[in-house]
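Look for subunit A in each of the two complexes below; its partner is subunit B in the first and subunit C in the second.
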Partner chain A sequence: MTTQEPDRFDRVDWDEISRSRWFDPSINGVGVLATAIPLLLVALYDWLVLDERTPTLDPVGLGWDVGTVDYLFLFTLSLFAFYIVLPLFQHPRRTRYYWREFRRNRPAVVSLGWLGVVFVGGILGPFLVSAPEQSILTGYQPPVFLSIDESYVSTCVGDIVGGRCQGTWRHPLGTTAGGKDVFAGIVHGMTISMQIGFITTTIVASIGIAVGTVSAYAGGWVDEVLMRFVDVVLSFPTLLMFLLVLYIYGAGLGMFILVFSAFAWGGTARYVRSKSLSIAEAEFIKANRISGASTYRVVRRHVAPNAASSIITQLTLLIPGFLLAEAQLAFLGLGDSAIPSWGQLISAGRSDLSFAPWIVLAPGMVLFLTILAFNFLGDALLDALNPEAEAENA
Partner chain B sequence: MGFGRYVVARTLWAAAVSLIITTITFLLLAAAPNPQVQEAATQAALQGGDPAEAAERARELRGLDEPLYVRYADFVRGVYTLDWGWAESRSQPVTEALAQGLYYTAQYSVPWTILTVLIGPLVGVYSAANMYSWKDHAATGFAFFGYAIPNFFFGIILLLIFGVWLEAIPIVYNTDVPVFSVRNAVQLAVPVFVLVTGSIGAIMRVSRNESAEFQNADFMKTAKAKGVSPLRAYAYHVMRPTLVPLSTTLVGQLLALFLGSSLLVEVVFGIPGIGRVTYDALIAQDTNLVLGSTLAFTFVAVVGNLLEDIVFTVLDPRISYDDR
Partner chain C sequence: MTDEPVLSVRDLEKHYPIRKGIFNRQVGVARAVDGISFDIGPGETLGLVGESGCGKSTAASSIVRLEEPTAGEVVFNGNGRGGASRDPGGSHPNDVTRFSDAELKEFRRGVQMIFQDPSSSFDPRMTVGGAVAEPLAVHGMSDRRRRRAIVEDLLERVGLSAEDYDRYPHEFSGGQKQRIALARALVLNPDLIIADEPVSALDVSIQAEILSLVDDLQAEFGLSLLFISHDMSVIRRISDRVAVMYLGEIVEVGPTDGVFADPRHPYTEALLSSIPTPDPRSSLGGIELTGTVPSPTDPPSGCRFHTRCHRVIQPDGIDVDQSDWRGILNFRDRVADGRIDVESVRENAAGAAGTPTDEDIGDRLRAEFDIADEINDPDVESALQEAIDRLLAGDEEGAATLLSERFTTPCAATAPERTVHAEGHESSCLRHRSEHAVAADHADD
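Entry: the complex of A and B
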């Protein structure tokens, strides 16, 4: 056997490792572009060629009408896939280390599993489970293994035993007053929740990181102006502002996402600023500057990646707030009543609470568990991604 | 910069923020079609009149035909002199409607705030003192539960259990009960409980994590070595430095909760407070009242942030005024 010669430092081809030309996208960037361009083309086709009534995918024989929110959602999904998931595969050793750290926190592992269910359910669910449909005759069907007094239901899908209608597997979580299947409603609500979570996070992250890093690096009056602007953004009562916009213009899911992300980035910007200020003090940044790196390069290649872990944690803890806000508005009857979100289901069942509690309880528990899971996950990510925080605990 | 100058500068800034928010609100309103003008046009069209002329008359009546800057000056003067107009849906001035709402909102907000501010840091520090024991885990579990459960959902569930099944509390809030009476305390107990569980979680977490840092600090070792009683050690040497970072989050979080939750909790429990007034005004399309309550909430938030920053500098003398 020949002995393999170890790599030597002076023989490394640096051009292979560091990419120095101004436009030389990584595989991640190529992936995002490869999905974004066809998406943009379809959107343009939808906007310019097809008339308003024709579903977007009609020419291929599918009846799915893609809306603005859907385009944004697909785009953010590709960002997530190429900039969060793919790097985990590109650096298996680091991923294994994170996983070892993360695994020690049991509730967080369970939370990740639950969020995985919501994620997959939100993406594949609408293709497998048909949208809940109105059918007055089969209203108030109880969930499987439960029963309801015969007098409340007009037609019982299951058997009637001793004057009580029994639940069936056709409606595993029962139906609402209008006969909408609660389980189907929850699955479709997962899509809405995932859309809200992904799109708002992407918008908040891009504005927050841009403002935060620019503020930290420019310093001086730019920093002062940007941070005072952040103060104004933070003083806005977002919910009330949204109510005002809703009252004046009317609003759907897209407007909800826009207004809430437009007022939510303040905290992220402040956080990113303080984080990048502390990283900028580090020795390796000075070394970078001395070797002649441009400000853009320092920020993009060194400050942003080093701040990324804490930013991700902070964003994880923002998502539940958005989900809660949507549910609250839907509950007040001020949300987009055309979309089957969890909040809509909760508000639909509110008046029937005393005899048909499942209509409120099932989506309410799902909402509660999802918010809880995001909180546990954020807590665990804080420990796993940030070794300093752990050293403090020990 | 001295303390006095800092307070003045900070107060001026708060005034500027309130003016910016007022301006944005005005622009939002000015850019939108006025529902009352549209209504007048529809009325005229239905009665065979000229809708354009009726719309013009309605605009003139409300001063909408004047140039934008005149209307803006009027609007700002009205806002700052508390001349907030007439609430058509309630047939009373907007300020009076809001004051009536505030009377009921205060009845549950005051006990809620006091309980949260008292219990939150106490439990947090206690759980840091017993870190990783079952008490700490129980407190952490409770904090996460309260933080994660949607207030309105929790309220509905408790109303179902105690109101419908056990019949221990009235389902609809009764306004005839005197403020300081047992019956009022009973009917407000559940809303206050819901709000406290919702707001206490975050405060418990922050105070637990912050005070954990001071547990093993040198001054704590010195205090213990001198034989200071644990109670005194925690009260004087852990609680005080913990309150400083806590105060930065406390006011902001309480305000956010106050704005969001008061609306929902009042709708769920049927309390005719300020949130309920806003909600009804929205439903009844009463522009003046919607605007008034939005501005009222906004000013509360601005003043709250101002107080928070000032209290922060008083609590922690190490902070220099120039850095902030």
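Entry: the complex of A and C
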């Protein structure tokens, strides 16, 4: 640009603009790339340079060995930050509107608070609370303010009053048979739950939205093939598949997330397809096509965002299913025993329910509240983000 | 170069295949647009008028290639593409239907559209500023601040304020949204805007505001306009020329004043008579179109309007009252379709007075089709009476055969040619064939 151009629509030199076409990423895309690229580099370094036993962050003096699930988790966190949280700040008016709508549902506000606690606890907790460690001598410590018959504990950390071991603040929620601190277990379990929630959601959302929109837009035999494939996915016995994988390869958390999310996107895809079809009929889509926008752009900028409110609701309601599935598998002894998930904690305490119920009840309550919170949140989001309701309230 | 039209449509067709059955076999076509031609000059407004379902909107979306036209040619000379001449092979280098993807994208800068429904023409999740600016981004303007400056200026030009940039569509009224739609259509500085019923969803007072805004903008930026509407009064208000469309064809085209003062096609006449006039003694009073509305999948032979035309031609040898003639033809078509229920007519007549005679029922049938009790041509009268008698005797087929043998109109047999009445005023009606020689004295201009 040589001179100060008058900014009027009829004085735009389109020949000049059409020639100078270059990549024009949004701030959100830049943000995701800015976090994804270092992450990828660290992962490559971890994989190619460091030997298997050296913790990833050993060179900078930290003992944290970053695993595959952690990389995925960090990546999905950056997606969440730049494509969900950042837009809320970019469009303050819309955010205020959503918040007004959302606030009307009180249980949902409480749920959001609880999920915020779980989220922050899951992210920061592991850095503040050290991982629960095995210590046979201090097994079956009762939670603070409670007590247990002295005969069950080998060493009582607190006082023994009248033949009963009293709980202490050192183990506010008591310990398991192996002496693992239940509170620390719950905090670390938050990380696992958040990982399950975020990664499965991302995988389900990306496959579901991709298949749904392609199916809606391509039509014809592509649509037919994809939708029949969705039928297959929906009718696939995921649990049996997981057990099969478990017996052949062994199954860690990563495998659990992969298998369960790989068979959970069917409903989302179908939903996105029907939503896209109805949105594609709207005149603003025609108006966009007439302005020369490519199909990709129309889908990316208009169809997907308009379907998003319903997709977000649907995904919110999917997460509890995954959390429960993990807990159930852990309870049956089919989970990844190396991770401190809530399910593992519950299964660790199931034989001691008669005299040390806190081992099951504490993580059980947390799991229950979390699932309840997701369900409340999903309902409230459906009301707050529904574009039709938005139009009616206008 | 200046007298070259901005848009020149030739024999444009859009047929929708009708598929049925398990193998998706094509069983027919719906001829939504069946060979229309017109030109739009620079700065000119062409009003395209016709009733719902006649193919106006399909024509618009075929012209801009939102839908691929089946056949025909759309030559667009805007965007600085003017002055091109035909290739030796007969195809035009500016033919939109042959544009490559890159040319098509450039063409999008030259032609924009405004849609009917203001409530659905904006993405509810995007600020109106973002929506108006989007075409700029699509065409590669990556400077956000520049986009914003252009759009704010434009919003003010269409009568809104720059602060409205950050508001959402649901915060605006229908009329305001149409202003924003106008801004979005203008933002790429097109040569031609196609407005598809842009004011039919608005109140009359708002309509007037939008129409005068369109007028002003058109004058200021030298826009050409294809204005589609079913409302003759709106068309009269805005158009320089009018094209009247019926069932996929253009039946009359001419300068607005000429067409409104002296409509040459019966369909135009009927449309014009539907405008309420303040003058109670106005001669054009409520022509009611009778007969069935044909479907574009099976358009009538000959002149497509003949099934409803109030001026349908009587063949040689028949000279009866025109409204009787229309009634007889309607009666003929209904009998041929087997859609006359003699029993129910009989029952209705019975309710009135005792056992009805055949004569009573005949009178009822005649009344239903607006046929006089006694037609002044004895031949016609006897044939009609004979048909009614056969019908009452239960011989529906006999009645149908008699009617279709006896009563035919040349309109069904011959497709009308274009007749030129005055400079730029043409219509397609068979009546003009005979009138041609005689009509020279007609106050044509």
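Side notes on the structure shown:
FYI, the second predicted complex is superposed on the first by the 365 of 394 C-alpha atoms of A that agree within 3 Å, B and C clash if a C-alpha of one lies under 4 Å from a C-alpha of the other, contacts with A are read in each partner's own complex, and residues count from 1 in each chain.
The rule is simple: a residue touches a chain if its C-beta (ideal position, glycine included) is under 8 Å from a C-beta of that chain, and two chains touch if they have at least 3 such contacts.
All values reported here derive from a predicted model rather than from experimental measurement.
Using the contact criterion defined above for the overlaid structures, shared-chain residue A:291 touches subunit C, although it does not reach subunit B. In the superposition on chain A, A:152 makes contact with neither subunit B nor subunit C.
Look at A:80: by the touch rule set out above, it reaches neither subunit B nor subunit C.
Within the superposed three-chain model, A:364 lies in touch with subunit B and out of touch with subunit C [touch as defined at top]. With both structures placed on the common chain, the touch criterion links A:236 to subunit B but leaves subunit C unconnected. Touch criterion met: A:93 reaches subunit C, while subunit B stays clear of it. Contacts of subunit A with subunit B, set against its contacts with subunit C after fitting on chain A, share not one residue. Across the complex, subunit C meets subunit A through its residues 61, 64, 66, 104-106, 108-109, 111-113, 115-117, 119-127, 131, 134-142, 146, 149-150, 153-154, 166-168, 170-171, 181, 184, 186-189, 221. Taken in their complex, subunit A has these residues touching subunit C: 5, 7-10, 12, 14, 17-18, 20-22, 24, 91, 93-94, 282-284, 286-293, 297, 301-302, 305-306, 387, 390-391, 394. Every residue of subunit A that touches subunit B in the complex is listed here, in rising order: 228, 231-232, 234-237, 239-241, 243-249, 320, 324-325, 327-328, 331-332, 334, 346, 350, 353-354, 357, 360-361, 364, 367-368, 371-372, 375-376, 392-393. Remark: subunit B residues 13, 17, 20-21, 25, 28-29, 32, 144-145, 147-150, 152-153, 156-157, 159-160, 164, 212-213, 252, 256, 259-260, 263-264, 267, 278-279, 282, 285, 287, 290-291, 293-294, 297-298, 301-302, 305 touch subunit A in the complex.
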